[in-house]
Amino acid sequence: MAVRTPDPDPEELPDEPRLPSDLGASGLGAVPGGSSNPAWLSDFELEAARRRLPMLYVEAVPVRIDGVGQVTDVGILLRATSVGEITRTIVSGRVRYGETVRDALFRHLENDLGPMAFPLLPPSPVPFTVAEYFPLPGVTAFHDDRQHAVSLAFVVPVTGTCEPRQDALEVTWMSPAEAASDALSAEMEGGRGSLVRLALASVGALR
Amino acid sequence: MAVRTPDPDPEELPDEPRLPSDLGASGLGAVPGGSSNPAWLSDFELEAARRRLPMLYVEAVPVRIDGVGQVTDVGILLRATSVGEITRTIVSGRVRYGETVRDALFRHLENDLGPMAFPLLPPSPVPFTVAEYFPLPGVTAFHDDRQHAVSLAFVVPVTGTCEPRQDALEVTWMSPAEAASDALSAEMEGGRGSLVRLALASVGALR
Amino acid sequence: MAVRTPDPDPEELPDEPRLPSDLGASGLGAVPGGSSNPAWLSDFELEAARRRLPMLYVEAVPVRIDGVGQVTDVGILLRATSVGEITRTIVSGRVRYGETVRDALFRHLENDLGPMAFPLLPPSPVPFTVAEYFPLPGVTAFHDDRQHAVSLAFVVPVTGTCEPRQDALEVTWMSPAEAASDALSAEMEGGRGSLVRLALASVGALR
Amino acid sequence: MAVRTPDPDPEELPDEPRLPSDLGASGLGAVPGGSSNPAWLSDFELEAARRRLPMLYVEAVPVRIDGVGQVTDVGILLRATSVGEITRTIVSGRVRYGETVRDALFRHLENDLGPMAFPLLPPSPVPFTVAEYFPLPGVTAFHDDRQHAVSLAFVVPVTGTCEPRQDALEVTWMSPAEAASDALSAEMEGGRGSLVRLALASVGALR
């Protein structure tokens, strides 16, 4: 089974660059007939870059909290992969050129949970862990066939209603104990079962 | 000038113990005619304990955040001391016997900011710093004439309206730069100017 | 089975106060014939205080690390309880009046691991978690028959040889996977199996 | 004055890929006559990538600590820029494809402080802050003419002797107060004066 970091950026080109920037016309191996904005990456170029540079990602474990901040539920996504398999995952996506980590986190939360999720992004820019995904399994707990990705992972309380868009089929809310179980972990792709446990540990909700 | 950790617990006895507990009648130097619940501390006993044990405190720097979690404003309290001086401080108070850190944090936020502040307590139990207050100035950046207090300090976004109760006169909202200034720091008691700076640093809002 | 926070302070009185302080003769329910230094607590007084105030503790999970800081081994203590049972635990002890958290951590590391352990205390005062022990099981993951204790827990690399003193019988070094196992967790007192997992999570060594 | 993230990788090509990897010959805009290992980036390709993708960096503030972990001194580097100016900075460099964050941190510490510095890398993979450098000044506290770089920043105790290699001329040890001063901050490039303050705050050494 191909294990991949979800790439929820099919429409990446249209809204990509927030810093239109003063870049010259020659980009990263600009392809003939490529996008006219040199800060955009064609799919072809992005594939090439994935083989040469670590890609920066953000990930979020959505949670529900009670009145004193204690985590009561964890949101796990059900996603259909490109080959039609169903896997479980969390909110995940790439940071674009010129985009802040916070903006990327917000964008992917909205993409994966819908516009009514009302996520509460944390005031601190410090992730609960840095997850390193390598193409070769076994270097760390995390792997990704396609690339070397370094992911800043956050726990994000959501207060609204989740209606996944794109390829995330649904959000399942479960107790911290269920989310940390071996059964769930086995269903998660790329080692994200470990990531969910680290997330729960960071909020004191792992036993 | 006497520098003290605010003690916003005048009504401490009535609602103290959440764990009524199975304690025997002999408490911590139980005074004749003292409270009938042995887990309550009389004012006299609390004063005595302050001279013999480190007291556990929680403190909170209230902030306002924007849609992606970035801190835009910092709430500083104006407080009248027992001798009528006006000082600046943050939310601060003791953790009681049987009370969780989260419950203590919520109780003091409500005491100092009023019931409509709607604080968003963080999912993580880890403070941004541990502030150690000693009776002797100079041991650390923090001091408290009255006791050895160890404080778990948190940044807490508030979303509602602050109407201080008790001896906090008012909450002033200011920019991170103002809150970190030497001028403000000089007005804050017990070294809490440093604490505000550490709070801002923890959210990446100190320059 | 009585579950307790280890109290490795039999010799507590002699070397207690680092801040000799200007305290008057009347302490926290000073007992007749008690210590002449009013900042010392007699055993009797300490027992009484444990029933009335949260006690501040520090705990440490000793680890061995490789050249790039990755945790390779975790040190678990074997300890004989006062009733002769053998349990597994970590470094743990009370913070005294006038003592900094760092000094308390160092003192308990030396008490439990011996003078040749050469622990490397972390530069940051922020614990990986705050463990709240309540007399009543179930409030949190942690409990302590004897008291309400709030513990600042740290991961501490040690570089020397551990020769436990006092009531710690021996230190067993094990892999992160073994240290996180259900089998080990079941042998640990007061919920410290969970604490070891949170420690491993904080260093990215939990799967 | 051109402000840049130091790029201490002149010899980057020879020892780059730790994951030799199974990549095909066509890389990220592979240039004719380029390196035979497709995971290497030519200088030209790296320049192009810097204009299209966020680059992942690690940074380290070297410190000396006392026996209980308290920071006593901060190491600031003196560096000659490519145009002969002298600036102050900290340890900083890019994470390569296939390299772990820990390995990158160690490599740059050794490059900038020499082989006898004996840095103690922290067991936790969590940085004290995530510094985002943008080509456009003002987006965050950090900027870099040349690229969008996202840096994971760590405080690293060093125990040996620092003998900078490459373009770092010397390491100056100073007190936390000096390192946090406005005077020093003004001499530091790209906003790293702020980064040093955040580092000091994270270890409780900022007042």
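A, B, C and D are the chain letters, set down in written order, and residue numbers restart from 1 in every chain.
Going forward, contacts are C-beta pairs under 8 Å (C-beta built on N, C-alpha and C of every residue); 3 or more make two chains touch, one makes a residue touch a chain.
A quick map from chain label to UniProt name: A, B, C, D = NUDIX hydrolase family protein.
All values derive from a computational prediction rather than experimental measurement.
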Treat each pair of touching chains as one step and give the shortest count from chain A to chain C.
1
Would the interface of chain B with chain D count as same or different, where same needs over half of all numbers used to appear in both copies?
same
Comparing the two chain pairs, does B-C have more C-beta contacts than C-D, or is it the other way round?
B-C
How big is the rotation relating chain A to chain B when the fit is done on Cα atoms? Please round to the nearest 5 degrees.
180
Report, in whole Å, the distance between the mean C-alpha point of chain C and the mean C-alpha point of chain D.
37
Cα centroid separation between chain B and chain C, in whole Å?
25
Residues of chain B touching 2+ other chains?
100, 125-126, 128-130, 202, 204
Chain B touches which residues of chain C in the complex?
19, 21, 23, 26-30, 38-39, 41, 45, 48-49, 51-56, 95-101, 125-130, 132, 134-136, 139-140, 148, 150, 152
Footprint of chain A on chain C - complex, ascending:
129-130, 140-141, 191, 194, 197-198, 201-202, 204, 206-207
Quick check: in the complex, which residue numbers of chain A touch chain B?
63, 65, 67-71, 100, 102-103, 105-106, 120-126, 128, 155, 157, 202-204
